[in-house]
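Pasting the structures here.
In what follows, chain A forms one complex with chain B and a second complex with chain C.
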Partner chain A sequence: MTEIRVPEGQWETDQEAALATWLYADGEAVSTGVTVCEIMVEKTSFEVPAPAGGVLAIAIAEDDVVVPGQIIGTIT
Partner chain B sequence: MSSSDTQITAAPAERRLTIAKAMSEAIGQEMERDPSIIVLGEDIGKMGGVFGTTTGLHDQFGRDRVKDTPISETAFIGAAVGMAASGMRPIVELMFVDFFGVCMDAIYNLAAKQSYFSGGKVSCPMVLMTSVGGGYGDAGQHSQCLYATFGHLPGMKVVMPSNAHDAKGLMLSAIRDDNPVIFMFHKALQGMGWLGTIAGSITDTPDDDYVVPIGKANIVRQGSDVSIVGLGATVHHGLEAANKLAEAGIEAEVIDLRTIAPLDRQTIIQSVSKTGRLLVVDDDYLSFGIGAEVITSVCESGAAPLKCPPQRIAHPDIPIPFSPVLEHFILPDAKKIEQAVLSMMKAEK
Partner chain C sequence: MNACLSDQQILINLADAICSGHEIEKCCGQVAIDSDDQLIDELVGHYPGDSRLRIWENQQCLVTTKRIARLSDFRKSANRSAQKGWPVYVRSTGGTTVVHRPGVLNVSLAVVSNNSEPRPDESYAEFTKLLVSGLERIGIEATTGSVSGSYCDGRFNICVAGRKLAGTASRIVRREGKAIHLCHGSLTVYGCPRKDSGLVSHFENGLGIDQCLDPTSHVSLIEVLPRF
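This part shows the complex of A and B:
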């Protein structure tokens, strides 16, 4: 199992980030490197690539606030 | 299930994109191929567009080809028309279609008539991309669709993707077209988190070069009982309704127009010839709209005897409300489509 984490060091820590869009649904298969979700920081989006291939398990829902380093899902 | 089946499921070859990413990828790939392409608009530079349509292009191509403009649509859309007349291929963003009032002279009196008035000597290869649609409480001056307003005026092509695959293919077609093309994109499909995104708009999108032809509708679901014609967001509402109707034994055919002008009347007429029932759904104002044009086209053709009167669902002829309760009461959705089809089936003699 590989954890998917919010990227670190890409925006100012006092800016609120939210999980904008999951491009795959919970339980769907993803391959390494595809964008699995996007994080939105003040109308700028950051892509989160799949760190591994496998079945996606989503831990954080769309619109929830997230912080750098936070685990937002796993790939098994 | 065998273990090999599990492995196949776990290793997809697809690559999903949002419509926003599909648009910016198409523009970037075409800019690499054609140095005459320039992108103009408000916040389309460093920011990559309020709706993500130009993400990464400023870094890749620099400020001479990806230009942030002042907040004057009158000036920069007029400038784009001039660029197109002098051999460049501008792509210009009108952030919200609602703002067309201050730049419409450049669009419908200059761009749309350039080729006609010059006897074909001066074309206008311009793409005007613009956001449409509501559903997120942005009220009456930021939520309109205005499909019919643009579709009504000759000299322009008007396209509208419902998913990322079509967005990329339509954008490549639009850029290569020597006529002005209005490229509308729906905010509820765009893939910007702050607007919400209908999941069906995020689709497998090849990274290579392909076009979706302008003027060709797409049958996204086959059915024999009723033809549901939509575009953009209402395609997804139509598909959701069709799945519910299938549980009741009603098979709906769902048509994605993809292009408003020129309208693919043939595909619609052929579908209604098969089903005998027609429902048109769009989120522009009702009167003088897409529904009226589609229904008239079918009736005029005489090719499709109808089993019941054709129906349309659209936004009523009032400004779009700010209150989310009122707005969602008014906007087309799957439930309204399902109920309309059920009453059409009952109306049959």
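This part shows the complex of A and C:
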């Protein structure tokens, strides 16, 4: 199992970030490197790539607040 | 000297002050917005620091975000807006709903980052400097900052005398191992920013978004341009 984490070091921890959109559904197959979701901070949209290929399990819902390093899903 | 200039000529002068010799694209709807993705595609395989710029003017429409487009009443509210002559399109950058129309000058800048993990602040800094310098060339002293009560508010608005002249938003993507950041700004050159604020407020209220917008928090370039 590979964890999908919110990128670290790209914004200040006091800036609020939210998981904007999952581009794949829970249980859907993804390939390494494809963009699985977008995170929004400071009116900036960040793409989060799949760290591995496999089946996506979503842990954090869209619009939920996230922090750098947080696990937002897994791939098995 | 500006008294003789038409509103459209002022818009052309601003575009020229931001990037000399760059033609203003006349665009239409979703295609106009999606063309920003082409800037990113054109930079794939390029070196850090390489960039692409678009200066464009869209037909009248509202442009919102993917997050807002997911709301349950989006289709209904968008149809209602379209019936009033303001179709709604969806963009990939962040923020909330904004107004595009003749008189609003759009500037999009895509840059291959020197940093493998670029920060939003760094992306915005270069972009807002471009806009502020352009305004300075036509005699306008502008700053960056948030403006309470403005629609699509953010820390990297372009402000004149404490009112919002332009909003900015950005997107950071990774292509072939390099980060590319795309910044977009909409500068209100002429037309009525108070009416724009009302349009956004009406559309977003229809989606159940509770907000308190102050129409006087926005300003157009025409309103602040020195005239002799």
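Just so we're on the same page, the second predicted complex is superposed on the first by the 76 of 76 C-alpha atoms of A that agree within 3 Å, B and C clash if a C-alpha of one lies under 4 Å from a C-alpha of the other, contacts with A are read in each partner's own complex, and residues count from 1 in each chain.
Following the convention adopted for this analysis, contacts are C-beta pairs under 8 Å (C-beta built on N, C-alpha and C of every residue); 3 or more make two chains touch, one makes a residue touch a chain.
Note that the structure is predicted; figures quoted are calculated from it, not measured.
In the superposition on chain A, A:V41 contacts chain C only, with no contact to chain B.
By the touch criterion defined above, A:Y24 lies against chain B but remains apart from chain C after alignment on the C-alpha atoms of chain A. In the superposition on chain A, contact is made by A:G53 with chain B only, not with chain C. In the superposed model, A:E62 makes contact with both chain B and chain C. When both complexes are overlaid on chain A, the residue A:P7 reaches chain C alone and has no touch with chain B.
In the superposition on chain A, contact of A:T74 is made with neither chain B nor chain C.
Shared interface residues of chain A (contacting chain B in one complex, chain C in the other): 20-21, 35, 38, 40, 43-45, 62-63. Of all residues in chain B, only 9-13, 15-18, 20-21, 47-48, 50, 52, 55, 191-194, 197, 199, 202 touch chain A in the complex they form. On chain A, the positions that touch chain C within their shared complex are 7, 9-11, 20-21, 35, 38, 40-47, 49, 62-63. Interface of chain A with chain B (complex): residues 18-21, 23-25, 29-31, 34-35, 38, 40, 43-45, 53-55, 62-63.
Across the interface of their complex, chain A is touched by residues 65-67, 70, 92-95, 117-121, 123-124, 152, 154-156, 168-174 of chain C.
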